[in-house]
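Labels A, B, C and D are assigned to the chains in the order they are written; within every chain, residues are numbered from 1.
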């Protein structure tokens, strides 16, 4: 394992210090909690909080700032933060209008965030939440955990963050959240698995010409292993799966995120987007918003994911374009 | 009695340290490869929690809080909730099988899981039964852990793998196996 | 070689299409030239143009937008664009106030940009330029090519781009440029070399525990190969070399760029920054501006560079903070 | 005469294609690994440029423009400038050594380089001399190329390597070697 680090156990704490410093005064952290929050919070507005395991940078801390998150909670690498970490964040950012939690659909995250919610509610803080499950690689079924939350979570942050900035109430935010989440779908492909620092070797091994469709962002293996394909073929597989999930029709409006998984250069992401866009245009979709970049990563995983968000409401597009100042949007 | 309980948790913590790499390897195969690290991180704080004085209930409660606030992931709230349930039950009865039943129920409740989902519950439930029957042995514990191999995961990260989860031991089942080996070894299975 | 691509020869063209599309109307390109420019250019202002080989994304095209570049010229991978490509860009963006070229110090880039300048001047277009040579890995000496231009170029873009937006004349811009460049210094370290698509294998081979100090951004080897170090030790080597180059004193003001080389995750960049910052603070430097991210990459190279810019003029800091809307700043 | 010149450039272009990988390998060792790809890209357009009719001067000029507008990097402007100089000189004299002298001078001027800098110039200059003496052979060309091995680079990307550039053939010297092999083979060395 070749990484720029000191001790793996210290990686998250040191990273948090680096992020806060890079915020140049806009960010603070609560010592020993992995919580990064805005130094100046707008009064009388709902505070949006997200978090999860570390290793997905710039998700989540890179989105703390005006118009997006009030705080991010950084757990250990690929491990949900604990209830007390999340609880500290909630207490820190509540401005009397309640705290809204964005949770990705993993047992660990759901359980820890729910326990934190219970703790905060016992203090009389109003807490609402939404569980994001955008990854269509995993079939939704009553027999499994349901779909995972992956890169599409970034759109949830941005849209709800703008709502919070607009002064929307927590109940209205909950209604928006419940409408957005089913409209966001993601599918990813990996060329190389991630290496967790404390483990020291990749989560799974791919041969020199193997790729894996449907991987998660925690080194979880995907649904199918195949031989290396061209960008065009990857786009065909991924777009056709998304098409099937959305059952889209000509003239519908979408936002797009091409998300690098950590070690894949922007050049490859743009090439892929160029191929994917052709397919979306052929179907007559209207792409109103496009973001290409490594926003929800999986440490040094090679690969990318494609997220589509159906813009059912023109206000969502306004929210995506809402002016912000954060490290990473 | 409280000494046996402390001994139990000490042995468990020691085992978690020793088997850290193995547990993470099991988790790499069907999860995200951190179960060993998560539990080892918790083990340090579990040990520290034992320094605090108190009765059996208090020992379980302190241990629960240590795991809840240091492990994270899925296993933190699950082990934490289970130990909280043990803490409560230990104040009511000395019957070990009732303790374990309460723990198992807490896991099922917190994890919305049931028998056969290929989780730690698939060790807690049969251990509880054997304990009630007075037939719990080290061999049985190993067998319960091994039996999770043939199951298809329906909860936790392994569930995303579908059929590909079959053929691997569930990491949480394995760490629970260590918990119950320590239980027998410390003689904590009887008052 | 495992890359998300179609044919390597098409990579740059396809990437350009992807970038222009991601600009959502803000960007256009001149077909078959690799030139990406702003769809709407402010009248009566100097137009800032940069460019070079591709493979450094988001440099340069990611900085085309208000307050930074008017156009970027994308050459083949790691290869300077040709005079006619650059000439097309100059003609496209000139608004009658002249065109300012930012050139990185490589023979190829200097020669091609100079020839383009000659062509444009023959058309009566006023052209000025600056050659950036921030890489202190290469000793400056009359016997060599001089120092290379690397990640520090991003600061030159940002500071001069803000000047252009302010309406500064081309002569004043030249004066600013000549003052900034000597105040910017960079040093990098690689953990893995880049693989050029048309070559198919890494430019140099590093063993599992080897790193190389002083690498360039085109796969040029560096000045010393060593065994893998901790982040702290890397920071010590790099900061001490920068200290020696600047001969800094307590109380001086600096801007910082921690630049990932392409495949190095943000987590490692932030950890490194946390270590580097401690050393800079120990020397009493005042860090007024911090940027951490993969801004000037070398395809899939692993590693990072540290750039310091001595803020001799408070206006440079204002320029760095100048509001912009580009794909990557 | 113009046929021999076209033949020369055709042979050069063919050789650039054939030796593409080797040239890039040489450039990987001390540069950025693209010299073969750069020149091969130029070779295609060089060939196309030969379709246009015209005298020797025109052939060189078209070839120069092709390289100038398609090669990029350092070698594009250098070969482009050299061929432009040949174009000009061919309008004045038939003396091949004067042609090559003009080309070498253009490279030195454009690249601000001189003999011994470990560049293509270290082939152009001795070739020019041998041509003037009437002693140019294929063996000599190979020797000039090989001699760049022992030089320390002072221009181009290889110069960043300092002493580590010693022991490698300069890629531009090698491609210039192919240029002059083609020159002899096409019989372009005499009118």
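What we mean here is this: a contact is a pair of C-beta atoms (placed from the backbone, for glycine too) under 8 Å apart; a residue touches a chain by one contact, two chains touch by 3 or more.
Note that the structure is a prediction, hence the values are computed from the model and not measured.
K.L.:
State, to the nearest whole Å, the distance from the C-alpha centre of chain C to the C-alpha centre of chain D.
P.N.:
31
K.L.:
Just give me the whole-number Å value for how far the CA centre of chain A lies from that of chain D.
P.N.:
Averaging C-alpha atoms per chain gives centres 53 Å apart.
K.L.:
How far is the middle of chain B from the middle of chain D, if each middle is the mean of its Cα atoms, in Å?
P.N.:
It comes to 74 Å between the two C-alpha centres.
K.L.:
Which chain D residues reach two or more other chains?
P.N.:
Where chain D is concerned, no single residue meets two or more other chains.
K.L.:
Among the residues of chain C, pick out those that touch two or more other chains and give their numbers.
P.N.:
In chain C, no residue touches at least two other chains, as defined above.
K.L.:
Based on the touch definition given at the start, go ahead and assign the chain network to line, ring, star, complete or other.
P.N.:
Per interface graph, the chains form a line.
K.L.:
Among the chains present, which pairs are found to touch?
P.N.:
In this structure, the chains touch in these pairs: A-B, A-C, C-D.
K.L.:
Show which residues of chain B lie in contact with chain A when the two form their complex.
P.N.:
Its residues touching chain A are 24, 28, 31-34, 37-38, 41, 68-78, 110-111, 153-157, 159-162, 164.
K.L.:
Name, in rising order, each residue of chain A that touches chain B in their complex.
P.N.:
For chain A paired with chain B, touching residues are 53, 75-85, 106-108, 111-112, 115, 137-139, 143-145, 148, 196, 198-199, 203-204, 216, 218-221, 223.
K.L.:
Which positions of chain C touch chain A when the two form their complex?
P.N.:
2-6, 11, 14-15, 17-19, 21-22, 24, 54-55, 57-58, 62, 191-192, 208-209, 211, 228, 230-232, 234, 262-275, 277, 288-294, 297, 299-300, 302-304, 327-328
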